[in-house]
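Listed after this line are the structures, all set down as structure tokens.
Both complexes below contain chain A, partnered by chain B and then by chain C.
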Partner chain A sequence: MNNPQKKYDIVIIGGGPAGLTAGIYAARSRQSTLLIEKGAIGGQIINAAMVENYPGYTDGISGIDLTGAMHKQATKFGMETLYAEVTGITISGDLKIVRTSGGDFAAAAVILAGGSERQKLGVSGEAAFTGRGVSYCATCDGAFFRDKEVAVVGGGNAAITEAIELTRFASRVTVIHRRNELRATKIVQEKAFADPKIKFLLETVVEEILGNNSVDRIKIRDLKSGQVSLLKLSGVFVNVGSQPATGYLKDLVKLDNNGAIIVDERLETSVPGIFAAGDIRSGSIRQVISAAGDGAMAAVNAGKYISG
Partner chain B sequence: MAKPVEIPEAKFDEAVLKAKIPVLVDFWAPWCGPCRMVAPVVDELAGEYDGKVSFFKVNVDDNPAIASRYGVMSIPTLIIFKSGQPVANMVGFRPKAELKKSLEKAI
Partner chain C sequence: MNNPQKKYDIVIIGGGPAGLTAGIYAARSRQSTLLIEKGAIGGQIINAAMVENYPGYTDGISGIDLTGAMHKQATKFGMETLYAEVTGITISGDLKIVRTSGGDFAAAAVILAGGSERQKLGVSGEAAFTGRGVSYCATCDGAFFRDKEVAVVGGGNAAITEAIELTRFASRVTVIHRRNELRATKIVQEKAFADPKIKFLLETVVEEILGNNSVDRIKIRDLKSGQVSLLKLSGVFVNVGSQPATGYLKDLVKLDNNGAIIVDERLETSVPGIFAAGDIRSGSIRQVISAAGDGAMAAVNAGKYISG
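So, the complex of A and B:
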């Protein structure tokens, strides 16, 4: 299939906004460039029905259209794409050997742009009812909950945006968040507070998801009083943040306490010639625009590293 | 090359449940990002398994009754049917290798 000796100037791992933008910059500067993606092009933002804060799109654009265009753009400049999972990276002299389920590749520089993985709630019933009332994508599944009651677990931007989106279908949306205030941007919060269909249970956690064939209630605990109660509903949308996807990198590059990759001001990791961009790096603000910015910066600095 | 066929409710029982070979049904909708990502993978598999497995797509927007009959509450959902019975149910985006494993098991 793939020639194991194939060598590229730059290998990019991860096909979200960071990796795709790195691809545009690297390929356009005539570096031979390979992007490796284990799942689907676009990263986590493909779950967003509308991205409202990406500059230049006054009416917003869907995550899938935005990243689809980035992929097309990078491909136009000559970037190649491989769908495979990276299992490890080793250093061999001046080269980095990227091992994947689709063969090994040598690169002069590597850009780590694998983003982060959605965190699960980690409560009983969550796995059993995934696809039966437990969902990780309101855009995909909201319509199955027409005139039903649902909960959104989480208090960040993605969670509150999901709650607002779900009011188009659900009869009531309960936001359950462990802290006493939301983390979401003020404009998003204001929209949610103004919506009569959205109810808030703050300082509350989900302890168990229950049902027969599908979810019919959840057990929740009020953290202030310690009181446990049952909430009847049909759907639970989990949006409790994410973890940098650095499991396979922990013996290679330095990570911070959260598992994110530590980089310098040029986005270079503790290993010369290996750069990190987007949500995977320490200090990322986890926005499409910042991921794209990181991708550009990492690609330019990787180019400088290669030319010495 | 074989391609997955969009199937309406009226033809579902005949095409899927009475099929002589295993059938993979892709439950999807146009508004769903991950569904649009699964589609090319399913397209490729339809080519690779031509003659061994039939591939159909059910738009849950137009055919809510079939989705609810099989308890589909999350898309994309891929269900593999063998002799009219669902034998595998996969929710969300799955890498191609994993889908191939499920198909091999059903053949």
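So, the complex of A and C:
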């Protein structure tokens, strides 16, 4: 075990809206604060050209501008940032030792804010058209598809509920699912089946997403006949699961069946002094504003943990 | 019983950050949305000349500008606003009937976001100097009192934890409490007693708050001797309890011992289809960003309740 290089009051893991807001709160309350990010500051939202629903920005703001402002704000209050990968956390008496590719750090309290990753389809065109027709969040992007045709890929509760929500905007919603029946609960299925705007393509997979500046069609394969066809549409909502970034945490804190961190109403995990905020925690709605709200709550309660 | 005037998907009660954000989310997802506010849009935060910790506003923003922008944003997405007082909510089958001084309204789902009110001392100067030396929130305003002398009025856990937090900023923190012992738990008391920056004036009450542009002294009375004296300081943090605005709700939803609404992790109350967000709910940290995060979560889950 290396000797920790430096001790902080609060170490935050993850530089998306949850971690950045935790940093604003922790640093502003004069606690020594280190934020550790393995990639780019901003999290998933940096791919969003326009965030319309972050309260206070009446005309919207890009994800990169919004999280850039948050990072500047936290830094102004004294938060330090380290670009490194966290490999593990161990408990040493009252301290938490955070091991990273950039050295080890000791903390009185830790805030886990590493987010989650939406499962990808892994087909050609998916990455290129993300934010230009390919979306992983109807609540975020549904409003951009008024009177347009879209597909939802997936058959679980989240996917079918998303399809129902999208009927408020889209002129047609095609649900594409690889199995011959949906996994969503009966009541949700019945509601979707009864909706004239929703069509179903079961035992069907997406093979390619095509377009010019934005998505204009997808290539789909009927798994029973093997037949390939093209479907014209403007949007593809991929909803085939998500993976909270908790791989290195599974022996430390309690996780739910999806791998998300279980927290109490104060956002404390099963380990005292370790808190979780944003998409990495169970019950998240995957929105910038709620991740930010979580970050504030985790930081305030981490501060109380240290003072208490 | 009057016939409800109009039916909405979602009725939101309260026009602070929680209610406004719920409105942004509900209206943007094309649900018919009515927000009911009995006073001014904005909630408690409209008294804050400078909000430094709302993520995204690097240089801060006034409470009135921030909530004004939120209201404009929700209105842009189609939210309607009614200025009226809610007198009660009754359940009628799947619908909730919201009774107000401006008529009755039916809703598929209701979001309670009426906030809470901090208990006041009720002394001369308190109202006049609120935001100019008198504060009800150390997390919000502590940073404005670097190297200054402040008092905390109150003896409970929240008050004493606040006094400890304020030592990160203030040069001296005087705890003023009317009883001869603190109500805070032993461990918090011991930590406060051990802090050289914290002084205690027990069996003492504040009789008047004085100053010119901002607070510069308070008049205090020793309850045992009856002696009145002046204490020079720059800030008075009043922490003598708070009252969630749940008077008209006590026979409808489950409340905790403080009168705050008990919610689950999805912010649903004990009544299906009725959600609570912000300071009115149990576990709130009384911050704009967390209230806004709550509002988004309540609206998303209310939408799922309606679609489900």
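Here, the second predicted complex is superposed on the first by the 186 of 308 C-alpha atoms of A that agree within 3 Å, B and C clash if a C-alpha of one lies under 4 Å from a C-alpha of the other, contacts with A are read in each partner's own complex, and residues count from 1 in each chain.
Operating definition for what follows: a contact is a pair of C-beta atoms (placed from the backbone, for glycine too) under 8 Å apart; a residue touches a chain by one contact, two chains touch by 3 or more.
What you are looking at is a predicted structure, and each value in this text was computed from that prediction instead of being measured.
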Which of chain B and chain C A:K197 touches, first, second, both or neither: neither
Contacts of A:I64 with chain B and chain C, given as first, second, both or neither: first
Partner chain in contact with A:G39 - chain B first, chain C second, else both or neither: first
Touching partner for A:R183 - first (chain B), second (chain C), both, neither: neither
Chain B versus chain C as contact partner of A:R99, first or second or both or neither: neither
Partner chain(s) touched by A:K7 [first = chain B, second = chain C, both, neither]: neither
First, second, both or neither for A:A292, with chain B first and chain C second: second
Which superposed partner A:T139 touches (first chain B, second chain C, both, neither): both
Partner touching more residues of chain A, whether chain B or chain C: C
Touching partner for A:N213 - first (chain B), second (chain C), both, neither: first
Residues of chain A that lie at the interface with chain B and also at the interface with chain C: 139, 143
Residue ranges of chain A touching chain B (in the complex, touch as defined): 38-42, 46-49, 62-64, 83, 85, 101, 130-133, 135-137, 139-141, 143-145, 213-214, 235
Chain A-facing residues of chain C, complex: 17, 20-21, 24-25, 28-31, 52-58, 61, 66, 69-70, 72-73, 76, 139, 142-143, 161, 164-165, 168-169, 187-188, 191, 265-266, 282-283, 285, 287, 289-297, 300-301, 303-304, 307-308
Touch list for chain B against partner chain A, complex: 29, 31-38, 60-61, 67, 71-77, 89, 91-93, 95-97
